[in-house]
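Chain naming follows the written order as A, B, C and D, and within any one chain the residues start at number 1.
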Amino acid sequence: MLDDYRQATLRQRTARAVRRLQLDCRRLLSEKADLGGLALARQIVARLDELDDEQLDGFFDFLHRDLSPDPARALAAAQAYAELQTPQTLAELVAAAEPARQELLRRLNRVPGGTAAALRLRRALFPLLKDRPELAGIDADLLHLLSSWFNPGFLQMRRVDWNAPAQLLERLIQHEAVHAIDGWDDLRRRLQADRRCFAFFHPQLGDEPLIFVEVALLPEMPDAIAPLIDKASTPRQPDRFKVAAFYSISNCESGLRGVSLGNFLIKTVAQQLQRELPQLKRFCTLSPIPGFARWLLAEPDFAQLPGATRAQAQQLSAARAVLRERCAGDLGALQGISRHEHLGDEGRAALLQLCGAYLALLSPTPQGDPVARFHLDNGARLERINPRADLSTKGLRQSFGLMVNYLYDLDKVEDSHVKFRQGQVRHSHAVGTLL
Amino acid sequence: MLDDYRQATLRQRTARAVRRLQLDCRRLLSEKADLGGLALARQIVARLDELDDEQLDGFFDFLHRDLSPDPARALAAAQAYAELQTPQTLAELVAAAEPARQELLRRLNRVPGGTAAALRLRRALFPLLKDRPELAGIDADLLHLLSSWFNPGFLQMRRVDWNAPAQLLERLIQHEAVHAIDGWDDLRRRLQADRRCFAFFHPQLGDEPLIFVEVALLPEMPDAIAPLIDKASTPRQPDRFKVAAFYSISNCESGLRGVSLGNFLIKTVAQQLQRELPQLKRFCTLSPIPGFARWLLAEPDFAQLPGATRAQAQQLSAARAVLRERCAGDLGALQGISRHEHLGDEGRAALLQLCGAYLALLSPTPQGDPVARFHLDNGARLERINPRADLSTKGLRQSFGLMVNYLYDLDKVEDSHVKFRQGQVRHSHAVGTLL
Amino acid sequence: MLDDYRQATLRQRTARAVRRLQLDCRRLLSEKADLGGLALARQIVARLDELDDEQLDGFFDFLHRDLSPDPARALAAAQAYAELQTPQTLAELVAAAEPARQELLRRLNRVPGGTAAALRLRRALFPLLKDRPELAGIDADLLHLLSSWFNPGFLQMRRVDWNAPAQLLERLIQHEAVHAIDGWDDLRRRLQADRRCFAFFHPQLGDEPLIFVEVALLPEMPDAIAPLIDKASTPRQPDRFKVAAFYSISNCESGLRGVSLGNFLIKTVAQQLQRELPQLKRFCTLSPIPGFARWLLAEPDFAQLPGATRAQAQQLSAARAVLRERCAGDLGALQGISRHEHLGDEGRAALLQLCGAYLALLSPTPQGDPVARFHLDNGARLERINPRADLSTKGLRQSFGLMVNYLYDLDKVEDSHVKFRQGQVRHSHAVGTLL
Amino acid sequence: MLDDYRQATLRQRTARAVRRLQLDCRRLLSEKADLGGLALARQIVARLDELDDEQLDGFFDFLHRDLSPDPARALAAAQAYAELQTPQTLAELVAAAEPARQELLRRLNRVPGGTAAALRLRRALFPLLKDRPELAGIDADLLHLLSSWFNPGFLQMRRVDWNAPAQLLERLIQHEAVHAIDGWDDLRRRLQADRRCFAFFHPQLGDEPLIFVEVALLPEMPDAIAPLIDKASTPRQPDRFKVAAFYSISNCESGLRGVSLGNFLIKTVAQQLQRELPQLKRFCTLSPIPGFARWLLAEPDFAQLPGATRAQAQQLSAARAVLRERCAGDLGALQGISRHEHLGDEGRAALLQLCGAYLALLSPTPQGDPVARFHLDNGARLERINPRADLSTKGLRQSFGLMVNYLYDLDKVEDSHVKFRQGQVRHSHAVGTLL
């Protein structure tokens, strides 16, 4: 009984809180576009911060139901504009078609904390989207606005080293998503003289990193991850730096999902390193191939590979047969083996060939490897596939220990990017012979 | 002959430059929303910078003709959305109704110089609008985007004093629009310990002030401008500060016309001064009344004054009659007279009464005094009308030497603003007795 | 054989290096006082940096033998000055009596790294002083110069929090001398909102802390150390802050031994906290009593205690007898006991009384407790003795677990300092009753 | 009567103020070296600031009479040290010979404002020295301490451009001592892209410049001053910069007289410009010759010129005769003539020859030209004498319009400096032929 009563009270309180917010939001929207409402916006931002899950649900309802475009008005506006295109009919069309919640968020963004509030709303929205697909319109608006607010022209790229605030360094430890940082000593090694770390920051969000990339300065293109993240290794001298290898890139703010900052970050870092260290000759990555094992174990039909000739498909089938034979029929066994000796030369070659096909042929399609698609769309070149490069459990499971280098040649990235959009993957001669 | 040939050549070159720009702009727009195009955007921004007037004309044509919404697509989208509201139909509606030039400008804004380029475009657009009203849609888009990019949450307010960079101080001298700054000595006086100057800055635009306000710290509400801008005056001690008087507010960036920053600036300054100098008891302005003389000399029909009772209209007519009599029939003579003795008590009272009516009754309408409308809409109160307050040629011509104090009571501005929108002007008791 | 040869070679090389340094030092000294020698100074600083121990030994020889005042010249100058005091005889006296190495060090200090070189020299000199007392003159000169270069007017006090560079925070972990910092988590707790850490920095030495103090903000004066350094404790809210307790102060630069910065640091911190947190009512320490156990176990003759009346001496003897009885004759046993129950009320009172006498009576003499002498000479008041306040092995061994609060009343420190110099220890009423 | 009474009162008040200061100074000196006294020092600094001239006089008396070394103590210490050199006898000698006022000033320098107070004292002392030569000892101590506090290792060199604080720029206008700055427009031109200005700052004194140098970046070594300071001239492009010409160097703080910062400033600037603009090939000055006319008009005996051979002396006499003849017997007439046509080739050559002798032969002696002595002692080379280079009244009066280039070859300055100390002036081949 009591419980029922309590829940009813809670529901009422929630309803009241959301109703009050709604009223305030409407008041804010009723202000003339260019004036007023700062105090009101500040209050709304503060109250949004205190909403619990159920209240947020109610708030999203409001955004969806009440602040979407009015179909009738939009239709009338489109008809008027179709009849006669004047600045007036255009203005009405634009106004009628834009969800009012966009303007609401823009007005909230006028006050300190507004940007952070939009990020919070989006983080809260993600888990709801699956069950409530009708809220996708809100997500689209949030993404649209955040893309504009976090455009690279407003961001600051800063180097992060051992002189950075501990508070900021702690965030790197938390958010490193590729090769976990094992405490402060590990982090310190990754920030020494032959390593670099760069991050993007937003003026409104202080020392909060949005995305960061880790770079190793090396005498040659790396073929394994372990030496790069060995915290006991000795830093190399600058005169040995020939290659800058991006070995990890991680997002810190999940509210920015879909706002692509990684591309800009990598290129801006490459430009800055080039200026700072003219001795650097190549910029490349050492990247995981997260989808390779799953793809191969799913027994794909090579004849369906986009762009694969019949001959290629047959070769790939043959390679798979060789490999399966070496694994006593169970390709999955490869996920548990860190040493590939039993595969023999032929088996190892078959593995590389299959991986080459996976990366070079599948990447232009949505089924392609996500990491490959990211770098290739950035305009990087598929440079080298490295066997036994990541012998961690995760590395073996994802890709049988294989890793790949993508090469960033800044003079060619625009061109390669255009080619990739047309379905073509640029690769090195070495990768070419694999295919 | 030669001239014709030259002009033809020039026209061709212009056409080529604009065509090339158009191609690049289309390429930039064809990029996937979240990726690529930085290098391209940089080039477009650089080339925009070099366009001459005629070329810009061509570019605006392109923005208008090619990057407005497609009427057919917009109509189809509106119909689909009217039929069924799903995230998909909504997304298509939003996409179809938004002018593509908005997205173009957003993408240019991703690179350094993009914000400045948008401002430049808008400044170049202004003089064309009169003859080519169809370009108003471009202006609307620019205003929409600039409002978002220059929202107060992104701006920094900084105090400007004699320690500020000379480069920045020079801009104040150039842009002071209310009471001209007469060289560096005058400026120095306006930055001393009993004066304040604050400006808004945008992170992308460096030390370039957007708008600034000048404040005098005084023992009482000022009733004349001359002592405030007397460069030979001696600074007062802080223990005498009781009133902060905003005596000048000027925009520095004409490309931001319509992006209202003055309201935010005044209130943020007031809050900061309150914190810094708790001894301050009042925040007010000493403001010009630029439209008063023109209005009065146009012989308005007082019966048409909004909200005026019949009795008030009669009193105003009587006051005008008194005044005219004192001027030997020529009200315009008041614009040449700095001493009001010949008006007598009655004449002076009549002048104040007419001015009170002008400000209190006309301001809620679009015909109202622009300065009055600005402050009253900000939520200020009409506090006191001061005779013989600005005896400069400009002051006499605009308002027969009268100036007005508006009072900013931060606790009441929201409320007063709402009232003003309903047509009601809050005023002091003293102003009330004038009416 | 080979070894002998090698050593001879080494000795020669050492001798050569030192000889070359000597020549350069003489050249630098021969420059006119106000001119030249910057390049030379830079070289000397660089070479000093590379000297090994034996070479440094030789360099100190040179400083001692060749750059001390010439006795004959000093005597002649003193005689001339005694006969007639003129600016000229005075100038010669000053010049003749000042060791030339002072001028050498001053000239080295003109170039980057000069200050650091002087600190390094002094650190290298310390271990030699015992066996080579004649080098004490060099130490005196170094101390004289460093005192001048590190005077508080040149130092910057900065708050150190979790936003400080990791490089700097690492130095705190290394140098904390009172209550060791157990890794980054422990450090983070000590920098949270109810803790403060402040350090002095020198403009020439960048982010290198010279000395730092740790402060806890508390609702009342603390009586035990464990809660203050409990890394799992929850930060308190600012409205609970009534007392600022200095619980640790540590030097980071041993080359500054004898340059007293702690006094200035504590007082500057107290002033800053007072400004920042007006709710703070008291500034005190929670301090160890490092000499108490050793003193008591050495069976002092209480009649010899300075300022002790005969009656006091008898009471102290009686107290010791009680205590000894409770420990079965072995006072040393107290160093192993963290719980004092078996002492009974009488035994615990006896222990406090003996400690009170140790602190209040012995402190003005050079045999006094060093920590007590530091705070009392700073002008602090002996406020409260806390039993069972530090139950760590070190705390029990040094002082049977007792700790003491010294109170900093900024209005009275000057006065108390003067009194302390006259042999008088200011204490609270509570401590008075102990005596 | 009244006046006498008033004066007596004033004298008493002065005496009281000085007596109180004396007591405080003694108290401060009685503090143990490393402790206490900060509050006291702060008070003394504040009170020093308020002393009027007569009171300062009394204070200097005190510094001289009471805080000079005690002759008897100094003699005893020197005798003890002469007998046996131990760290103890040395320490006593050093202590006994150092004026106690040095320690007083060092302790005052511990608090904010202490450095500024020492500078003020010295500025106040200068005008007294002529009539009270016994105060020279105080000046020596102040100079000694200020040299140490303003050593280049503590100073910051900063570029000053049009972005510098107006407050700082105003100081340049005030203190430019060589070629007066004619208002803000003139200053702006001197800070544009083909000009540079650098100044030294002291961390304790904020944005107060101590000394600044103005540099012009030019395609060739300049032969006249007018084009360099022409405010209407157009800035040159960086690709034309071949020569950096120092055309003005001015001190801003007279309290630093005798603390030579100019040498360090010129060389540090040259190094920085070399790094920043590798296209620069030469660093030179365009300098006045302030003593030339006075020297020549005083009819010097050329046979007495140091290092002049008999033949040279005869040539110089002949040159003077030629010149005098061209001036109708009155060499002084040259000071009024800006065009040298009437001198004829022979007369112009004679003038250059005499100037060459003045600079090359007289400079190593104290009678030499002060500007020449400064640059030559810095290690610059006498490069070229330029006729009709400064046609201002001052330029004609000082040196008949002649100016000189000194060349700074950073690789040779040390060597040239040593040579100059030995009496030898390095000069170009061109100057050699003049001699």
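Here, a contact is a pair of C-beta atoms (placed from the backbone, for glycine too) under 8 Å apart; a residue touches a chain by one contact, two chains touch by 3 or more.
Predicted model only: the values in this text are computed from it and were never measured.
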| item | value |
| --- | --- |
| Contacts common to subunit A and subunit B (chain labels) | none |
| Farthest chain (mean CA position) relative to subunit B | C |
| Averaged-CA centre spacing for the pair subunit D and subunit B, given as whole angstrom | 53 |
| Whole-Å gap separating subunit B and subunit C, where each centre is the average of the chain's CA atoms | 62 |
| Between subunit C and subunit D, centroid-to-centroid distance (C-alpha), Å | 41 |
| Subunit C, residues touching no fewer than two other chains | none |
| Chain-chain contacts as defined at top | A-B, A-C, B-D, C-D |
| Subunit A residues touching subunit B - in the complex, by the definition given at the top | 32-36, 38-40, 68-69, 71-72, 74-75, 77-79, 81-82, 85-87, 90-91, 93-94, 96-99, 106, 109-112, 114-115, 133-137, 140, 147-148, 151-154, 203-204, 258-260, 263-264, 267, 377-379, 414, 417, 421 |
| Touching residues on subunit C, where the partner in the complex is subunit A | 162-169, 184, 188, 207 |
